[in-house]
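Quick notes on the structure that follows.
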Amino acid sequence: MSKPVVIKIGGHLISAEEVLKENVRRFCEEILDIVSAGYQPVVVVGGGALSRRYVGVARELGRSEALCDLVGIEASRLNARLFIACLGKYAYPSVPRSYEELVQAHGSGKVVVSGGMQPGQSTNAVAAVAAELIGAELLVNATNVEGVYTADPKEDPTAVKLDRMTIRELLELVEKGSFYAGSYELFDLVAARVVERSRLTVAFVDGRVPGSIKSAIIDRICGTLVVPEEG
Amino acid sequence: MSKPVVIKIGGHLISAEEVLKENVRRFCEEILDIVSAGYQPVVVVGGGALSRRYVGVARELGRSEALCDLVGIEASRLNARLFIACLGKYAYPSVPRSYEELVQAHGSGKVVVSGGMQPGQSTNAVAAVAAELIGAELLVNATNVEGVYTADPKEDPTAVKLDRMTIRELLELVEKGSFYAGSYELFDLVAARVVERSRLTVAFVDGRVPGSIKSAIIDRICGTLVVPEEG
Amino acid sequence: MSKPVVIKIGGHLISAEEVLKENVRRFCEEILDIVSAGYQPVVVVGGGALSRRYVGVARELGRSEALCDLVGIEASRLNARLFIACLGKYAYPSVPRSYEELVQAHGSGKVVVSGGMQPGQSTNAVAAVAAELIGAELLVNATNVEGVYTADPKEDPTAVKLDRMTIRELLELVEKGSFYAGSYELFDLVAARVVERSRLTVAFVDGRVPGSIKSAIIDRICGTLVVPEEG
Amino acid sequence: MSKPVVIKIGGHLISAEEVLKENVRRFCEEILDIVSAGYQPVVVVGGGALSRRYVGVARELGRSEALCDLVGIEASRLNARLFIACLGKYAYPSVPRSYEELVQAHGSGKVVVSGGMQPGQSTNAVAAVAAELIGAELLVNATNVEGVYTADPKEDPTAVKLDRMTIRELLELVEKGSFYAGSYELFDLVAARVVERSRLTVAFVDGRVPGSIKSAIIDRICGTLVVPEEG
Amino acid sequence: MSKPVVIKIGGHLISAEEVLKENVRRFCEEILDIVSAGYQPVVVVGGGALSRRYVGVARELGRSEALCDLVGIEASRLNARLFIACLGKYAYPSVPRSYEELVQAHGSGKVVVSGGMQPGQSTNAVAAVAAELIGAELLVNATNVEGVYTADPKEDPTAVKLDRMTIRELLELVEKGSFYAGSYELFDLVAARVVERSRLTVAFVDGRVPGSIKSAIIDRICGTLVVPEEG
Amino acid sequence: MSKPVVIKIGGHLISAEEVLKENVRRFCEEILDIVSAGYQPVVVVGGGALSRRYVGVARELGRSEALCDLVGIEASRLNARLFIACLGKYAYPSVPRSYEELVQAHGSGKVVVSGGMQPGQSTNAVAAVAAELIGAELLVNATNVEGVYTADPKEDPTAVKLDRMTIRELLELVEKGSFYAGSYELFDLVAARVVERSRLTVAFVDGRVPGSIKSAIIDRICGTLVVPEEG
């Protein structure tokens, strides 16, 4: 039996035209290595710059935020579909459109690739809920920064990357809005609370570094490791 | 053309065995009056005590929080289904299982009744997102308290019910966890942020008082009115 | 390869608030024992008192019988969802909404839990049709009586529990409306005729007795055993 | 607002190769006349000889009765699809696969055409449940006999066609298996009990006679009229 | 009753980053003008450069053509979703995933926006089949050229734009692979044959010119008009 | 791991009433032999005479070609359903309604049986796209002729059956409309182009000869073998 694990890949990691092919290839190779090592991952892919560009058009034309969310979700699903095509027979062939479909797909034994699920919820939250549903203890979050900092390193020269922290500390950073892991969205609070309630371990890795996701899962080496509270 | 409006009915209002029939009948009559007055409501029903009882069993058997959420969602959908049966031909005949289905159902011109949507999201959040999607400016939230208080009136004798407040003030209450409108759940923060981003008006009413939902929609009389920031 | 078997659990067995958790836990443990013994069960759960309570409200508000049936089906699906949550990774993650979904779900190799299917058909009939579809030869029917009686033991002191009977005898009892196995519904006739046409074996067991379902499947010990006609 | 009505067309009426086109054309014209007269029909079409031929193959190859039922349902759906094609823009474009879809389709205001729904249930039962769901008071049943007889006219020369009977009398005929309206199937008992519980009026007409369905709906002239019990 | 019409918008018209917002806004305004003039359009949007970029990645990673098609379809659906968001309440809220869904959506009376449907079929073919299904006589094809030429104007200085041609002439151009309307794909042959078998009128317009789609529908002015054969 | 293979069975092979049962039984036995030999087939069944008869009625009543296509697809799905019933537990229990469903179904490890997919596409094209999607290198096409001829043998006495040809030669035959393999439909061009782009091997066999499909797959003996171009 393969071990369940969830991998969140930030959309920004595959947004730039020049790295799209290179990065998708690299991530897919890493995913297959992780499968070979005895894991069955659910991969959740963000929408990145593609999402921002399309949502921007909808928003400027004055449309409701929920409709904009639906556009962003569709962009993340296009990214997910690309991963599915590149993973070939190792991937479940469809992008799940609900959590029920996601769990059914996971039951096939294949790699499941999801984008966003619905308005009012980030792909980070999708990854956290997916971890609960498939019984994964580890959630790897690949972004384009090295890990979690005490403050925004671009603005605060005293900002320090944390190697290890508790979920409670993570939640506090998120709540005061000073959580610098590549996304500043509201709904990371949802993700953080799901992580808290189910005592998941979260490994933040720098997705720009080849092999970083694999290292986090197999060797438990990562940028910042978030662990459940002691006791 | 009917005006879109969203009505959230707290599950606790229909939980007690002795009032189930009486309250469902009363709410359905109110809903039909609201339809007659030129509105097309989306009604979102919570799971209440039924949800708590079933979720309690799943949780004690040690199951994941997301699986528990799915049980709670199913309970709210049973409540929604009961409203649909009682509204007869005025209701869209199915409980929507996704936001896309909800908007499609609203397009039928009938009253749509929804329960929860997915793990990690309260029925309050569903109501707020539904308001965005159907273009409703008003969201009526019927609970079993009279409105929003500055503190929990049961614990703090100086607690005062607020007749009117801004969304920003609502958000602050929710964020410091001192929001007493019958539910203390995490995800009301999601609901509040959706209300904020789309500048919705929210009317909190005491659902135990006959006619309170109708008054909020038609006469704009309610327990607490939450309005977008000035300017 | 696991052997297919169908287990019908009467909703009344999990209706009382005080036994809900205890009985669901007990049934789930029994189901896992049955899985370990080499069977792959489809479990069909009734709606019980929950169903009756909700259907009662819809009916008093004057709604059509088919709409009432839909309410009762939703109640049985909530019960099914609770079993799924409690069975965790051993269960197929969704409640099937059609027979096609049920058979697809069975193909996953997991325990499938279903409620009712559609208006005009009892969960007994669902269990019988499910047995045909998955090729099960045995259908275990757990109710809150000890077996099939010649008459209603509460009214007729000469009523005798039958240890063994033919399907033909079962059908005759059902047809004259004197079949006392916990349910007096019309559509048990449908169930009985399905049992007849496919020559299924039906074991009626007292679901209040721990281990009774397991005994029926593994040891072929039960309250009343209904066997196909000789010859 | 159009009045809801249900029309059951026996598959045998369109089975013979030489009358297929002629009868489908005729029925579609009648249906459009009925629409023009202010009705919105749900049409339920049986599988007829096509169904029997295909089911016969499956049964001889030793397959389960439920799988055979699924083949028969697919045959009735092909017949339904043909009606949809021939009704063009007046028909809802899909054959409903569940009662929920049927009611949603009816909400479109178009003519809905259905075949069978699921194993263990005849198209007569589908028609009766559909009547409950859409609130139709009248169910027209077009077969290839003139009406309901006291016995099989081919075997009993004293058999008399009944012009009018109560549902109770219908139920008695069905229960003693002496109901000669073109189908001898078990599940007509289900249909009859649904008719009874909802006090529907059923008009049996001879579908071979042009205009007979229209007459039954508009002029209330039919072969046998089954009415709810008095008082 | 609004008149049905199909509008195909080439993905290249909205591909360039700098014109995305401007062109989507312009097309949506035109679509609403067309609605006001009494038409109910089905809009089919291509995938354009977005599709090419994503399909390119999948293809270089050595994946099957059908999987690449699925990626391209998802890209066109993202474009369709953007139109839906920008059309707001005038659009059917979902991108249809099959022709049955497309026709159901059209039945809602709203503007339907579709992308591609399935592997092995271009969005031109989708537009042609959609025209058949909704009974549209006119199919407007907006590309980034002025109309149909006798040869590729970039390569052949004697190439002449045709103002009017028969479907037969169109088919001949497509068959000899010398059809210069912005797309050289195989499946335009499918589209052309569908146009032929249903005798549709096709108006090719230069989508870069504001108002060109509207002119084609309302004033019948276009780059090249393809008409059914005489007689 | 079983090897993927696609088998197209022309509907005409099971159309005649007298051979329906015999041929379906024979094909199912061959399919199970092929499964035993280590293959996992996707079987695509045409509509044959049943399809033609029903489409003929729809067309004479003046309905659109796309609606006629939908009728023909439904007929092929009835044939597919019959195969599913006869294959019993070896078959995936549903007829896929989209390519995504087809690939999901193939992931179950069972024999998948499909009919047509959508308007404007033949079952030959479905078979070719299915081969791409499941990664099959061989597509067996069983018709009621012995193989591919240089001309129609009924009209041209010099017509010669080709034992082996390249895809390019196949495409040329199809393009000039002189491809005699039992179907003269437009969309075989689509099928041929899909075969070309993915360099599939196609084996045409005479489905009237028992064992011909099995021979083609296991022994590579067939009427005409179409191979990718050299080099």
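Just a few scattered comments:
Order as written gives the chain letters A, B, C, D, E and F; numbering starts at 1 within each chain.
Everything below uses one rule, namely that a residue touches a chain if its C-beta (ideal position, glycine included) is under 8 Å from a C-beta of that chain, and two chains touch if they have at least 3 such contacts.
Nothing here was measured: the structure is a model prediction, and the numbers come from that model.
Hopping across touching chains, the smallest step count from subunit B to subunit D is 1. Listing every chain that touches subunit A and subunit D alike gives B, C, E, F. Chains compared, subunit D against subunit E: the Cα-based superposition rotates one onto the other by 120 degrees, nearest 5.
More contacting C-beta pairs link the chains of A-E than the other of the two pairs A-E and A-C. Mean C-alpha position of subunit E lies 31 Å from that of subunit F.
The distance from the centre of subunit B to the centre of subunit F, with each centre set as the mean of the Cα atoms, comes to 54 Å. Distance between chain centres (mean CA atoms), subunit B to subunit E: 42 Å. Counting partner chains per residue, subunit E shows two or more touched chains at residues 64, 67, 70, 88, 100, 108, 133, 135. Inter-chain contacts occur between A-B, A-C, A-E, A-F, B-C, B-D, B-E, C-D, C-F, D-E, D-F, E-F.
By the touch rule above, subunit E contacts subunit F in their complex via residues 64-67, 70, 97-100, 117-121, 125, 128-129, 132-133, 135, 175, 186-187, 189-190, 193-194, 197-198.
Every residue of subunit B that touches subunit C in the complex is listed here, in rising order: 17, 20-21, 24-25, 28, 50, 53-54, 56-58, 60-61, 63-64, 67-68, 70-71, 74-75, 77-78, 81-82, 84-86, 88, 95.
In the complex of the two chains, the subunit E residues touching subunit B come out as 88-89, 92-94, 108, 110.
Interface residues of subunit B, counted against subunit E in their complex, comprise 100, 103-104, 107-108, 133, 135.
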